[in-house]
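Right after this note come the structures.
Both complexes below contain chain A, partnered by chain B and then by chain C.
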Partner chain A sequence: MTKDKTIAKKQLFTPFNVITGIIIFIGVIITILRFTRGIGAVTNLDNNNPWGIWIGFDLMCGVALAAGGYVTSSACYIFGLKKFHSAVRPAILTAFLGYALVVFALHYDVGRPWRLPYPIFYSPGTSSLLFEVGLCVFLYLTVLFIEWTPSAFEWLGFKTLRAWVMRLTLVLTIFGVVLSTLHQSSLGALFQIAPSKLHPLWYSGYLHVYFFISSMFAGMSMVIFEGTLAHKWLHDKMDETHLAESEGVVLGFGKAASFIMMGDVGIKLIGIAVDNNWHYLTTGWGLWFLVELVGFVLFPAILYGMGSREKNTTFIRIAAFWTVLGIILNRLNISVIAFNYHLPSAERYVPSFLEVGTTIFIVTVGVVVYKFIATRMPILHEHPAYKEHH
Partner chain B sequence: MNILLIKNIIKKENGMEFFTLHDFMTYSKGITYLIMGAILVFMPIYWLYLTDRDD
Partner chain C sequence: MAISRRKFLTSIGAAIGAGTTGALTKAYGASNKHFMGYPDGFGVLHDTTRCIGCRKCEQACNEVNKLDKPERPFDDLKVLDQKRRTGEAVYTVVNKFSAAPDVFVKKQCNHCQEPACASACFVKALKKDKTGAVVYDESLCVGCRYCMVACPFNIPAYTYNDPLSPKVTKCTLCLPRIQEGKLPGCVEICPKEALVFGKRKDLIKVAWKRITQSPGHYIEHVYGEHEMGGTSWLYLSGTPFEEIGMREDLGITPAPQFTSGALGTVPIVVGLWPVLLTGVYAISKRKDKIADEERKEAVQTAKDHATDEMNKQLDQLKTRMTKEKETAVKNEVKKALEAAAKKAAEEAKAVEKPPVVQNAAGADTGNEEE
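Then we have the complex of A and B:
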C-alpha cells in the first residue's frame, strides 16, 4: 500500500507536471487579475495599440498553426491520399485544441465572457470581417469538435454514436475546408482596412491570399512538428501502423510544403512589384522583411525540398520547426511589429510580462490537454475494436 | 488634381519619376508580368526537381 502510494506520488511529481503546474498556477492568478481589475491592469495596450500579443500570437498564430486539421483531413478524405490517414486524428486534435484555445484567449482580450454569443445570435454585424471570422471560428470549432468525437466515443465505448459521426466524415471535411478558406483569408483581410498603419512591405491588396496560402504550409509544418514531439514523448502510445506511416507523412507533407512555400515567395514578390515597393527593401524595415521572406520562407522551402528529394526526414523536421517559427514571425510582424510602424518608439507597443505570462499559460493548457487526451484516447493508435473500420 | 496628387506622392515616395498614373501602372505591371512569367517557368521545373526521384 505504502509502495503504491510512493509510485503514485512519483508519477504525480514528474518534471512535466511540476513545470506545467507552476505555469498554470501563475496563469490562474493572472486570470483573476485580468477579470477583476480590467484589461489595463495586466496589459500595455492603449488607444494606438488596441491589439497586442493576445491577438497577434494567441489568435493569429493559433489559427494559422491549427490549419493542419483541414489540410490533413482534406488530403486524406477529399484527395484520397490514404497514406496520410494515421496523421488525421493527431491533426484534428491539434486543430480542435488550437481553435478552442483561440476562443479561450479571446475572452482575455474582449472580456465579459457571457457576451461571447452576442455577435452571432444577438447583434450580428454582417458587413464586418470580424463577424465573418467569428462566425467561421464558431462553426469550424463545432466541426472540429464533431470530427474529434469518434476518438472519445471509441474510448468511452459508445459504438452507435461513433457510427453516426463516422458517416458525417466527408461532409465535415468539406465543411471544414470551406470554413477554413473563408476565415484564414479573412484574418489577413482584417489588416487591409488599415493601409496607413501597416508597413507597405507587409501591406498588400493580396494580404488575404498570403494568409490563406501560408496557412496551408503552416498546417503541414505543424503536423510534422507535432508528430516529431509525439514521437519523442508519446512513442509508447503509437501503434505499428502509425509508426510505419509516419515517414510517408513527413516526406509527403514536406514535399507539398516546399512547393507551396516557393509559390508563396513568388506571390510576395508579385505583391512588392504591383505596389512598386522595391525601394523599401534597402531600408531597415526592408532588411527585417527579407529576414522573414528569405530566412523563414525561402530557406525552409529549400530545406524541405532537399529533404523530400533525398528522403532525409531530419532536414524536413528541422524545416518544419523553422517554418512554424516563420509563421509566428509573419503573423507578429503584421499584427504587432510592422503595425503602427510610423509611431515614435515611446508610443510603440511592447507586451507586459503579464501578457506574455497569459500566453505561456494558454499554450501550456493546450499541451496538458493534448497529453491528457493522447495518452488515453485512440489518437496515435487505432482502437483494437475498430481496426477493421479503417 | 487627383492625378497630380498621386504623381507627387509616387514621385516622392519611390524616388522614381512618374508623371501619370498610367506611367506608374505600366511600369509596375510590366515588372509584375515578368515575375509571373518567371514563376510559371520555375514552378514546373521545381516540381520536377521535387518528384524526379519518386518511385
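Then we have the complex of A and C:
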C-alpha cells in the first residue's frame, strides 16, 4: 500500500486528476449555493415542472444503468453461467456506486433531504409508487453493499467475515433480482398516475413492464460499455481470468441484449396497438418517438445481433454505447421531454447550467470513487489468497 | 388493482381516525363496490356565468391564509389579461377568457374525491379529510414534489427559494374556518354568489337544477361531478370547458386506479420471483451435477474399457510368450536330444576314442535336460 501511495503522490497532477478536481470544485460551490439559497436559486424548476434532470437523469438513468448488478450476478449465480464470474465484481461495484449516487443526487433534489428516511421509518405512504421506489432502493443499496463487501474484506484481510458473506451469495442475488424488478418497474409506474401530462406515445398502462424489460438490456449494455472503458484505462489491473473471460461476457451479453431489445420493440408496438395510438406516429412527437424506438432500440438490437453472429466485439461495443444513449433518451423523454408536452413552449422546462453542472459533478464523483476502488481492491482481478474460493 | 385501492382506502381510513363511520375504513379491494367519496363532504359550486372577475376572492384568500402581498394590488384588473396559475403565495387565481362576453374562471385546488396527490405522497403528508378538504401536513413533507407531478389540474406549488424549510402550498378549502362553522374566505366575500358552499351531494343537485331551469344558458355538464373520479369543487359554464382552460380529456377514472395495476404486481413479484429463481438455480445446478456425473461415468467406462483391453492384450501376450518359450524350450530340447543322439551315434561309430571326452559330453547333456 505504501508503494501505491508514493506512486499516487508522484502523479498528483495527471490530466485525470486536474479535470476531475476542477469539476468537483465547481460541484462543491453549486452544493453550497443549493443549500444556502434553495433549489430555486440553482434550477429552472417551477410549479408546472417539478421534476428536471436531477430526477430525469440522475435518478431515472442512474437506476436503469446500474441494472448491470442484478443482471450479471443473476446470470452467474442463478442461471449458472460461470463464465460471467469475472464480470460480477465490476458490475456489483458499478451498481453499488450507481445507487449510492442516486441517493446522493436525491439530497439535492428533494426539499428537505434530512427527511429522506421518513417514508420508510416514520410515515410510510404505501399507496405511492414512490414509496415502493424508495423502499426498494434503500433495501437494494444495502444488498449491493453487502455483495460488495467481500472485495473490501479481501483487501483488508478479514477472512472470516468474507467467508460469512460469501455464504449469503445466492440469497442476496435472489433478493437483488426481486428488489430490482420492483423498483425498476415502479420508476416507470411513477408516471402512470399522470396520463394527462405524458404524451400518449410514451404513456402506457405497461410503463412498469417497459421499464423493467429495458433495465435488463440497459444493465447488459452498461457492463459491456464500462468493460470497454476499464480495458482502456485499467488494463493493468486485470488478471488472466478476467481478460480471458471478457470476450465471452461481451458476446454473451450482446446476444442476450439483442433478443431482449427485439422483444422490447415488440411490446412497445403492442402498447401502441392496445391504446390505438397509431395516428400519433405521423405527428412531430411521433417522429421523435420513432427516433427513439427505431434509432436507439431497433438499430442497436440489430447491431448486437450482427456482432454476436459474426463474433465481432467491435460491433457489440458500439451497440452497447448506442443502447446506453438510447436508455438515457428514453428516460429523459418520459420524465422531462414528453412530460408536460401539452404546455406552451414558454412554460416548458430546460435545465439550467447549474443543474447540468451538478449532474456532471455527481457522475464525476462516481468515476473517481470507482477508480479509487478498482485500483486498490480485487475487482478486476482475483485476490491471490482467494483464487480457489468461489 | 384491488390491492392498491385497499391500501389507498386504508391510508385514508387511518387519517380519519376512529370517530368516523366504519364503512369508510372497510376494504373494498376484493369486492365490486365503488367508493363514492365521503357522503357528507363539503364542496363549492362555481358558476362561471355569474363571475365578474372582481378578484375579491383572491384578496380574501390572501388575507385569510396570511400570504405575502402581491406586487400588484387586487383591485388592479389588468392582471387578468395574462394567464396565471396558482403559486407559492397564491392559492387561487381568476383567469379571463376572451369571448362575448368575457368569461372569468376561478382556479384553485379542486379537492378531488380520490386525490392523485394523496395517492402519490410517499409520507402521507397529503390526505383527504372527511370534510372534503385535501389537507397538507408540512411536518411530514420531504419535498419530492411527486404530488405536483401527479396533480391533473397543476395546482400544488412549491416554495423553491426557501433553502431550509421549503413546502408545498395550495388551497385548504379553508378547513380551519369550516371547523369554526365559517364559510371559506372566497365564498364569503363573493359579491355575485358565483361561489356556493355546501355539501357536495347537494351542490350537484343545485347545479343540475340550474342547468334544467335555464335551458341554453349552460353547457349541460357539471365539471367535477365525474372528472378524475369527481372533485369537491364543481363548475358550471356557458362556454365549452375546454375553451375556458379546463381540460375535458381527463376522463372519469380516479387517479389511484392508474397506478393500482403496477402496485398490484408487487406481492406477486415478491411471492413468485424467489420461488422461480430458486427453481432456475436448482435446475442449472442439477444440470451441472448430471453433466458432471455423466462425464465421470464416461471417463470410468473409458477407463474400464481400456483396462479390459490392456488385460486382454497382456493375456494374449502372456499366452504367446509362454507358447514361444515352450516352443523355444522344446526346440532346445529337441536340438539337444538331436545333438545327443548325433553324439551317441558318433560315439557308437568311434568306440575306440579316449573316455575323458565321452564323460564330459555326457554330463553336459544331463544338465541341459534338467
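To be clear about the criterion, the second predicted complex is superposed on the first by the 379 of 390 C-alpha atoms of A that agree within 3 Å, B and C clash if a C-alpha of one lies under 4 Å from a C-alpha of the other, contacts with A are read in each partner's own complex, and residues count from 1 in each chain.
Rule of thumb we're sticking to: a contact is a pair of C-beta atoms (placed from the backbone, for glycine too) under 8 Å apart; a residue touches a chain by one contact, two chains touch by 3 or more.
Computed from a predicted structure; not experimentally measured.
For the composite obtained by superposing both complexes on chain A, the positions of chain B and chain C are free of clash and fit together.
Of the two partner chains placed by the overlay, only chain B lies in contact with A:G305; chain C stays clear of it. Applying the stated contact rule after C-alpha superposition, one finds that A:K255 touches chain B and leaves chain C untouched. Between chain B and chain C, it is C that contacts the larger number of residues in chain A. In the superposed model, A:N276 makes contact with chain B only, not with chain C. Angle at chain A (Cα centre) between the Cα centres of chain B and chain C in the superposed arrangement: 50°, in steps of 10.
Judged by the touch definition given at the top, the superposed model places A:S345 against neither chain B nor chain C. When the two structures are aligned on the shared chain, A:T160 is found in touch with neither chain B nor chain C. Legend: residue contacts after superposition of the two complexes on their common chain; A:Q11 is shown touching neither chain B nor chain C. Using the contact criterion defined above for the overlaid structures, shared-chain residue A:G266 touches chain B, although it does not reach chain C.
In the superposition on chain A, A:P195 makes contact with chain C only, not with chain B. No C-alpha atom of chain B lies closer than 8 Å to one of chain C in the superposed arrangement.
In the superposition on chain A, the residues of chain A contacted by chain B and by chain C do not overlap at all.
Listing the residues of chain A that touch chain C in their complex gives 34-41, 43, 45-48, 50-51, 74, 77-80, 109-113, 115-116, 118-119, 122-132, 134, 170, 174-175, 177-178, 181-182, 185-186, 188-197, 205, 207-208, 339. For chain C in complex with chain A, the touching residues are 4, 7-8, 10-11, 85-88, 116, 118-125, 140-146, 148-150, 152, 154, 156-158, 160-167, 247, 249-251, 255-256, 258-259, 261-263, 265-266, 269-270, 273-274, 277-278, 280-281, 284-285, 287-288. Across the complex, chain A meets chain B through its residues 255, 258-259, 262-263, 266, 269-270, 273-276, 279, 305, 308-309, 311. Across the complex, chain A is touched by residues 10, 14-16, 24, 27-29, 31-32, 35-36, 39, 42-43, 46-47, 49-53 of chain B.
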